[in-house]
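What follows is subunit A paired twice: with subunit B in the first complex and subunit C in the second.
Take a look at the complex of A and B:
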């Protein structure tokens, strides 16, 4: 773990409001699109994972902003609290909301996130000016990630199916860690004085694609969702994002040199 | 739509118990000697990883232990005791292996930089602290503190799990176990992160001056867990 960023607000790149719009609208569109189109054909379940990727990109952008102030503890903590709040809110929303489930879950998550953000500043005295907004965003992004990946696994967000296929089987733990990693890892991997928003968000896209492939693998044993589209599209997105990421690393690095293979024993003597 | 008032009235005790469990977890994190990245390089006292990872590792072991006992017994005391013992064993094993690594691998004596004498063994500490570091390894007091932290965290996790499992519901047993577990994990993570922000990432144990800040984290956890408890009990009770 690391102690976080340099102690100021992260700047540059796409404005946060546009990313909020991408995450919220893209996430909800993906979740609902995946749900309704899967009725026509299980092959469309992958749209849910695309929604999750939108939420993951948004979430990691929010983590980047808040963790730049220096949390005092590692960046991973904020990804874990995001999914912790997200799993509570999403199970509640899906259980009581019916067709409005994802929206109910999103609202509940935002409320929990806002309260935790206020507590962090007012009670714990963290003194990060954007803490309230960021916690709200992170909780919302975590919730949409969970629901989006659930849709990709089951083809629906109806609670009975999600409970039977995702929760009772334990795949929810996979979602928890894969989604949490995708939100916390991008900034954790890229932080430092040379951190750039586009490189961080490209990592988020790449991690989201890995989560999508994992959701696809789970879907192989489920009737309501097809595995092949999720896996193929996930691998395609991963390849594009990873090669872009490598290009960005080359752009930001002073120089990239190969170190060659490890020296043999004779060479060392 | 579900009968919100009815479910809350019926399960008010469990909502209170889940909240209490969350507060216990929050308090427990203050006992665990967390050194973070500096400790990983043997430049600060404690185990070389973050609060959340340690609390989660020990707490989730406690949850598994509690869940295993709950499958064969309904006794509240037995369930929470196994949760506490499971978490204590996990954190103790983590700390003893870390101590081997620090002593035999890195080659540093366990020493605290926060106190001159170990409050338990009365051993001198300050002369063993390497220059430029804030202590290293796990002195006895940190080890004992960590085990206490594991016990409280496991207790908290087990109380949450027991309460969620006992909520009146029409869910089948296997679905209930899955749902109660994932809620307990979610609530556990929220309550592991809140105190880690309170202590700013690193703490040596109950002898550390930062330990005195615990009421703030427990208060914050009280509010946060109360919300999660309502949401969790409503979900399980409404099905």
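Take a look at the complex of A and C:
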């Protein structure tokens, strides 16, 4: 009875190394691109959210890999711990790093993630072979998600601006939960023995787009970032990803019925 | 603030919280979230395909924290932009509800598609009929939580911003709904075919009731059942949490003097002790009335 995943290594689809590259490079490029181009025009703040989406897709792929070892109800916890480590690392990194803030935060997150992974395996004895690597990845992805969405909200990752616009106003709460859910929900929503990587990652893209739209809504009352590009591009990405997701569900499902009775005994044999 | 006025504000918060708790539980019952979900998820694997909405948006606390935080964010942004409070809260709850709808749909379709080898079909009529019901409940929950949070910020001058309060209350209402109301669905409604109080035998795992009073059972049938007890009791639990936790500081205002502060702590401790004793009495009375499950009776039969 492995209701919580296949109980073994997740297989198929895009190799994890490519997703790590997408998340790290895409995430950092989005964060820095959004930051520097917003100086020219606040309209470019949305690039930060695109970086966050890259990190979200990477994070959900990492959750999928580690949670495939039968974590079950642990899937939500892992998403929450990702953003928990992310908040600590990003606040520390942005506070001390200045212009190198996101990179400092990313490195700190990787260290925290590694320590948590080692603790989980060595002290708690969870015995999941890829635990250390996955926790490092998840912490990094959570950090880039938080910084990316903050850039989309404020147009900068400078600590004072982020503290004033994102933390003091409480919008950090929505970044925390919308980013965390975008990382944990994809695998949780597609949990089951016939889960497919492309369907899970498509859910991550769709949920990341929702986080982008929310960041855009916050940007309506912030001077440094403009809201319309974030909201419009977010809704566009959401629509594409959602349509694609429904297509993948139709591809993978046993049957998609308008309505009907339960499968008969013979059908189940 | 006048003590009488303070009581009135608390009563309003308690009333809003009671509604929020009720709708939160019923929302989770329509979609079989949290506690009952493991059995709904397991059933097709044990050769019991069903027409029940299988939705797991992580647990209830994160999923309610999500809708309340989104609602709080949008409401806070709209209020900053100068819109009236009622409109801001209503539009915030509306956008949160729309997001919740997408989470519900991806959860049902994704989980069911991942059960291909157990031959569990996706029923689109279930998707179309249940999702709006859950969105409706989620709207009421978010709206009421935002009302509670707004009163705390605007009237009681709480130092936290609206979004953060909504987020925290979202986690709280989800946690209370998950621990209070879901038992009524997960332990009773799903296993009406076994004797009351018999517990869940491993052999019965996944063997949930799949046929309704008429036709095949679905999530809306389950919320009909839970609306009789599980939902309201969740509402009462959450309403009491909000009301009583504010009541101790409304009666003994710590702002007046240090003695009052300690009196409010003492009042809180006394309330908790009273609750523990009361709960114990209910448990003992229930055990006496219904008795333990007797194994030998089944053997004799």
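The rule is short, and it goes like this: the second predicted complex is superposed on the first by the 254 of 269 C-alpha atoms of A that agree within 3 Å, B and C clash if a C-alpha of one lies under 4 Å from a C-alpha of the other, contacts with A are read in each partner's own complex, and residues count from 1 in each chain.
Criterion: contacts are C-beta pairs under 8 Å (C-beta built on N, C-alpha and C of every residue); 3 or more make two chains touch, one makes a residue touch a chain.
None of the values given here were measured: they were computed from a predicted structure.
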**OP:** In the superposition on subunit A, see if there is space for subunit B and subunit C together, and answer fit or clash.
**Re:** clash
**OP:** Pick one for A:138: touches subunit B only (first), subunit C only (second), both, or neither.
**Re:** neither
Original post:
If you stack the two complexes on chain A, which partner ends up touching A:49: first (subunit B), second (subunit C), both, or neither?
Top reply: neither
**OP:** Answer with first, second, both or neither: which of subunit B and subunit C does A:256 touch in the superposed model?
**Re:** second
**OP:** May I ask you to decide whether A:205 touches subunit B, subunit C, both, or neither, giving the answer as first, second, both or neither?
**Re:** neither
Original post:
Now for A:168: first (subunit B), second (subunit C), both, or neither, which partner does it touch?
Top reply: both
Subject >> Partner contacting more residues of subunit A (subunit B vs subunit C) >> reply: C
Original post:
Between subunit B (first) and subunit C (second), which, if any, makes contact with A:189: first, second, both or neither?
Top reply: second
Original post:
Of the partners subunit B and subunit C, which touch A:80 in the superposed model: first, second, both, neither?
Top reply: both
Subject >> Clash-bearing segment of subunit C relative to subunit B, given 185-193, 239-247 or 275-283 >> reply: 185-193
**OP:** Could you list which residues of subunit A make contact with subunit B in one structure and with subunit C in the other?
**Re:** 1, 3, 73, 76, 80, 168-170, 172-173, 176
Subject >> Of subunit A, residues touching subunit C in the complex >> reply: 1, 3, 73, 75-76, 79-80, 168-174, 176-178, 180-181, 184-185, 188-196, 199-200, 203, 206-207, 210, 214, 217-218, 220-221, 238, 242, 245-246, 248-249, 252-263, 267-268
Original post:
Where on subunit B does subunit A make contact in their complex?
Top reply: 1-2, 36-37, 49-53, 56, 174-175, 178-179, 182-183, 185-190, 192-194, 196-198, 200-201, 216-217, 219-220, 223-224, 227-228, 231-232, 234-235, 238-239
Original post:
Given the complex with subunit B, which residues does subunit A contribute to the contact?
Top reply: 1-3, 71-74, 76-78, 80-81, 83-89, 91-92, 95-96, 108, 111-112, 115-116, 119-120, 123-126, 159, 163-164, 167-170, 172-173, 176
**OP:** Name, in rising order, each residue of subunit C that touches subunit A in their complex.
**Re:** 38, 41-42, 45, 47, 49-51, 56-59, 62-63, 65-66, 69-70, 72-74, 76-77, 80-81, 95, 99, 102-103, 106-107, 109-125, 160-167, 205, 210, 216
